[in-house]
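Read through the structures below before going on.
In the two assemblies presented below, chain A is common to both, partnered first by chain B and then by chain C.
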Partner chain A sequence: MKMGKMMIGLGLILAVVLLGCTETPKPAPTPVPTPIPTTPVEKTPVITTPVQTTPIPTTPVEKTPGVVTTPPRLTGEIKVCALYDTRIPAFKANVEALKLAIEEINAQGGIMGKKLELIHQDTQRKVDIAITAYRSAVIEKGCKVVFVEGVSEEVMALLEEGAKIYHSNPHIMISSQAGMESTLKVIEDYEKYKFFFRSLPSDPEMNYKVTKVFFDIAKDVIGAKKVALLLEDAAWTKCAREGCTYNTKFGTVGSKAMKDWVKEEYGLEVVYISNLAVGEKNFLPILETAAARGAEFIFVLSSWYTDTTTLTKQWASSSARNIPIAFFGGTAQWMTAWNLTGGASLGTIVMTYDYEAIPLANPNTAGVIKKLHERGISLDTSTHYAYSELMRVKEAMERAGNPEDIDAVIKAMEELEFKNHTIHRAEYMFFGYKNPNFHSYTGGPTMIAQFQCNGKPVYIVPSDVLAKGGYVEESQKVQPDAYKSPAELRKICK
Partner chain B sequence: MPKIEPRRGKIVIHLLGRKYEWTVEPRYWRNPMIGLALWLTLPLLIYATATSVFHYHPIALLSTLIFANLLIMMAVPFNLQVIGTGRLSFGPHFFLAVGGYTAALLSRDYGVSPLLTLPAAFFMGAIIALAISPITIISRGVYYVLITMLLPFILGEITYWRSDIFGAETGIPNVELLFHTTGNVTLDVLIFVYVSLAIALVFLFFVDRTLRSRYGLMMGVINEDEDVALSYGINVRWIKIVTFTLTSGAMAISGWFLAHYQGSFSGPVWLMPSFLIMVLLTATLAGKGAIYGVVVSAYIVATLREITRVSLGEFSVVVLFLILLTLLYFLREGFWGLYRKRRYREYEPSIRVRRKT
Partner chain C sequence: MIAEVSLIVAYTFIFGSMYLGIALGFTLTTGVLRVFNLAYGAIFLIAVYGTWMFWNDVGFGLIESIVLSIVLVSVFTYAVYRIVILKFAELEDYMLAALVAVFVIVEELIAYFYPEIVGVYIPTTIYGELVPFGEANIPGQYVVTAFVSLALLAIYLLFFTKTKNGFIMRAISQDMFASKLVGVNFNRTFALAMIIASIPPAIIMLLISPIWALNPYIGWSVFTIAILVAVLGGLGNLKGSIMAAYIIGFIQAFVGFLLDPRLMLLIALIVVMIVLIVRPKGLARAETIW
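Up next is the complex of A and B:
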């Protein structure tokens, strides 16, 4: 028994010493009196956008009077926690993007004089660990801003934790790419979950408005008439696979199944649909069937769950190799996809924001991509979101006038017309719309490129699509005419 | 009226025609009582020490204790299942998910309270286990391993296929919490520590009583050699089916706890092989059939996982498993073996022969 007791005692001492001493102990937080709950509609009268039945992006309202133009100088620091499993390259990139943003903010004097400090906590992409890390981040370490990885199962559990913690330890939680259900919670019970922001459009918009541009390319740039749809079998693609409708108190949002709207709106014949099981590695039968059915364009709706590197390699060696293939997500978004696939990605069409010469109007975009490339980081959309959202938090805290007043910061986040997002226009990432995109992004056109010789991306989005989406300057820089078929590229890129 | 009969080293209680024994000799109960007291006071001790001496809320550490208790809740019935069926299952987490989904769906869709979802989760786990229990009779070796290994994968796929019911990776939100918040988050977590500890303790008690009963003896024989068990007239099939059914139901209670602790339940998270590995490591490092060793093992595994996580970053998982592998190698009889080595008289009689010199 002595040994048993000794083991327990040792474990306890080790745990207390190692866990308790990872930071300077701080006094127990004093509970902050809870304000009387009010609905968001009542609290934010400046938002004039009416409740919509379809989530059309609306122009953000102008700034309310009383904006602090010269914020007072404060002392101390603001802790920003990043809860990511950095073994996953995309999440490592998110942490590096946050580090970069913090370096830049601190170089400019911080937020109203308060320096930012980044605390990274490993989640190992497990829910129970994420909960532990989150509790530790907010309660033990005193983080005011918590970035969490876009893993739906984690975010859903953390939302419940956050709701319990918020009133004693006010903070903001930001997640990119978690499921829409998380945002629905904010809409349905604002006072309980108002601390949560999600940098992604609602599922119907994600599966419809964001993906539409691929079919603009298929029809107008490639001239395809028959398409094959490969849809990842995950919760977030339900709208594309089956169609969906969400009723919220801010209106209804929904979309038809992709096979239906592709036919109705673009007149394209869907000759083959296949669901991609999560973790699938053998795509050859799917690609061969798409080729046998006469597909002239293959669209892959996938996230990081699908191994697009393997899919690309198998595409390049299958009888579908001459059929243009377009990827929505995954490693295909990276410039390094070229090396990862050994050049097999030649001719693939991808949504990429990892190219320093990307034709975006924001002057900061190329600089951010360059700086992260110098750190050996490849960028997907979530990397940009992490960087940009911290910049937005800075502006919101300055607008609120007090970084410690999180209720005011949340209100400022909702009202702020943030113009410095590295990849999106302000109207697509306005958090305050009183529609189903409340506290999340709004769907719109994205920058789609084709990997051409030596892995150089050429942006082939139709100009009119970009112009209609408000990307007027960008629409003059894209080159849809430069599209070449995969077969042609293989000939000329030897 | 119960009749109490003092005997040498024990008290015998006659009640309703049955006989119950209580061993009063201190060497048999003193150490378990000390261990129990230590276990019960550990969370409070941590809470009090951290808040009063170090002036911080030990919420991460308390959360780790909950995970340790969860491992106990899984590993204790798992151990009994292995003994009683004579088979090594690779699907205990399947039953956790069954219990979690049952509780979460009943709570969210029908507003059933946690008190009622508890028996529902147990019975759902037990009924499914009963339905598939013939596998404990007709299959053995790699076939049994494969069958039990496939069950979690099948359920995982179903959660994606019927995401309208199970919510795929997003899971089932809006599950009622086990109790209303006290307003103090650390205190809430401390209560959850004690709830999980109580469940683990109940499991320990039942498994302990079972192993000490004649059924435990029969299970032990089945575990050693089924043919011998049959030759003794033991109803091997009956014991296997009952053991498999009830222990699976117990594992489903772990899922019930998770759903009402986290306020949501996502099956794919727990159906991952990584969680199975933690349960298997906990059970193995405890020592063969050593249910009390599970407590020590679970607390060490969970604490090591947390220590490596906060201190070693990306290498944490590698280092954790290297440590656990080393422990597996050096502790041939697990953590309980360390104790038994010094307390041999408590588990087997021995005769010392003094040689004439």
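Up next is the complex of A and C:
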């Protein structure tokens, strides 16, 4: 071989590989939060609060409970398409969640007598393949509802494709895509993009309202005064890294950079900030520096793109291992994280909805988690979203009175106060507010647990935070007093 | 400042030694066979998932499972040699494509049987405490990995400088045709080189599994480190690989502790590219293994 040329060639390949796709198929950017208050739209932002949702709250929708009256029985099938690369565990889980929802809906007689049929197509997370699959799903297979994996570039391409074919082939697209740009499209050109719903809060909400609860824990449960912020270097974290403002015709939404609001609102000193490169494997310099700067709490704002398993393992073996660490997303959300890390996640603080005994009011939540666990699936929040969104579609179709009338179904989706979401209260995933969260979720406090002995999660969110967020009965079941430092847990869990 | 210096020195040693261990086998294959074994990344996967299979699914003890997985790695490597490398010896482009295909097949098979959600974990922690170094504290398992890498390097050097097979491999790496003329058994030596090259990555992978995530796609991440070191060092040259591993280790430690950890990989790549532009054949120009 001609070694010199070969080496330069290999060097170039390396650069591309290392910078681009080192750590493979980590799924979507979807970080995934969970909210839950009572007040639909935030109208008066708190003074220090970065987020200034200048809503235009609009018509708090008609919340007429009894919507449908003996709908006519229809024949035929309603096709639901799922465009997911199931090599990615999170996407496989989404497909399984849709299957489960369809089985349950069909077992109850379908939607107005029509059975649902799931068609899964693999996108390989490539835009061109996704577009082909999407066109085929809508035009050839006649799908009325299309679930799309939350990969931003894909969703943005599919939105344009969908806009072209909507009028000849009306359908609904649902995705837990992270970037705000898709929501902006719906707001700015409603007629063109109204078929799109984003099962995720807008970026400022995600980076501020959803993450706040971690700092409530840092301050009130742990008693930390100095914090380190590790922020994934991706588009969806821009609001946390730099601050952001979005002006829309429905109002303005934005947030300050996390380092600023953490200091202003919580009085916490930010002693270290580091951006995390996607695919990074060496977290030790970051962890050691955080420890050297005296951090008393480490917050990791991450999605699936950040290798939280490696980060957890390295945290547990580094000088930072006695500093409480909290993860927003990634594999840390799964109960399996305990096995994946060989127990190194002992003491870590995570947002998790993968525990059957989670203290949530919805009577369906534990059942869904259990059934999916029986299928070998771990759940992150997007798994709950997939299941719940299909249930919402069912109610919307019934409310519309005709599953084929997609314009009416979209209207119903916007007006429906859906109460059977497995992890959110109705107000937080209400699609119809004509504010910057239009057709997307709203942010709020989430359920945060600490992995204690044998990987058992103990929910440690302060009760008052939950109460303010609308969790009333459930707040009795959390145990912020049960929080233990990682060092203490290592002693008692041997 | 003293703390930072301690950290940079310590982590240059840690990262450098670990990268050297990861790249050792690749350097050997490239140096002796003059083949870019693009299936090398599969070795990392077979080592850990093989151990998991024998340990968790078949029910052997951990040590037996590790030994069996290394045997499995050797069998796999030999099969790759017989089925792909020999077959496409004269058709290098096809050989490279076939080797990548082998890697992807292994990856997909593992992803099918052991998706990430299975929660594969190999408890190979040898020393889990912190090791003080100046004002820094280093994770014990990293220190163990670094010393095992150096031990493997020492064994390899002894092999190349003291054994008959080592001499033969160096002879081949210096002049393939001349060694053929003096009666070297190519097939046997190549197969042996492939097999002994597969052992260091397997061992290092098992040692770093308590501190790195294990998932079916981890092979690429580790393999790219091996390529980076080998390319910078001058493909197939052990001296070059040693220099390259520690240079990359130093860059990462320096950037990680003094500049911005976000830039560790980027700056390492920029330095590698600059070195390659100046010295297209890498740091060690000689086309020999040692």
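Heads up, the rule we're going with is that the second predicted complex is superposed on the first by the 427 of 494 C-alpha atoms of A that agree within 3 Å, B and C clash if a C-alpha of one lies under 4 Å from a C-alpha of the other, contacts with A are read in each partner's own complex, and residues count from 1 in each chain.
Criterion: a contact is a pair of C-beta atoms (placed from the backbone, for glycine too) under 8 Å apart; a residue touches a chain by one contact, two chains touch by 3 or more.
Because the structure is a prediction, the values reported are computed rather than measured.
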### Message
Applying the document's definition of touch, where does A:Asn362 land relative to chain B and chain C: first, second, both, or neither?
### Response
neither
### Query
After superposition on the shared chain, which partner residues are touched by A:Ile165: those of chain B (first), chain C (second), both, or neither?
first
### Query
Of the two partner chains, chain B (first) and chain C (second), which one does A:Ile286 touch, if any: first, second, both, or neither?
second
#### Entry: First, second, both or neither for A:Ala235, with chain B first and chain C second
first
### Message
With both complexes superposed on chain A, which partner does A:Ser319 reach: first (chain B), second (chain C), both or neither?
### Response
second
### Task
Pick one for A:Asp122: touches chain B only (first), chain C only (second), both, or neither.
first
### Query
So, A:Ile131: does it touch chain B (first), chain C (second), both, or neither?
first
### Message
Taking the superposition on A as described, I'd like to know which of chain B and chain C A:Ser175 touches: first, second, both or neither.
### Response
neither
### Task
Look at A:Arg87 in the shared chain and tell me whether it touches chain B only, chain C only, both, or neither; answer first, second, both or neither.
both
### Overlap of the chain B and chain C footprints on chain A, listed as residue numbers
1, 3-5, 7-8, 11, 14-15, 18-19, 22, 25, 87, 233, 277
### Query
Any idea which chain C residues touch chain A in the complex?
3, 7, 11, 15, 34, 36, 92, 111, 115-123, 125, 128, 130, 136-137, 139-142, 210-215, 217-218, 220-221, 224, 227-228, 231, 234-236, 252-253, 256-257, 260-262, 264-266, 269, 272-273, 276, 280-282, 287
## Note on the structure
Contacts from chain A onto chain B in the complex sit at residues 1-5, 7-8, 11-12, 14-16, 18-20, 22, 25-29, 31, 86-87, 121-122, 124, 126-129, 131-133, 135-136, 139-140, 151-153, 156-157, 159-160, 164-165, 167-169, 179, 181, 185, 233-235, 238, 277-278
### Summary
Counting only contacts in the complex, chain A reaches chain C at residues 1, 3-8, 10-11, 13-15, 17-19, 21-25, 87, 89, 92-93, 233, 274-277, 279-286, 288-289, 292, 307, 309-310, 313-314, 317-319, 331, 334, 336, 338-342, 344, 376-378
### Task
Please give the residue numbers of chain B that touch chain A in the complex, ascending.
31, 34-35, 38-39, 42, 45-46, 49-51, 54-61, 63-64, 66-67, 70, 157, 160-161, 163-164, 167-171, 173, 177, 181, 183-186, 188-189, 262-264, 266, 268-269, 274, 296, 299-300, 303, 306-307, 309-311, 313-314, 316-317, 335, 338-339, 342-343
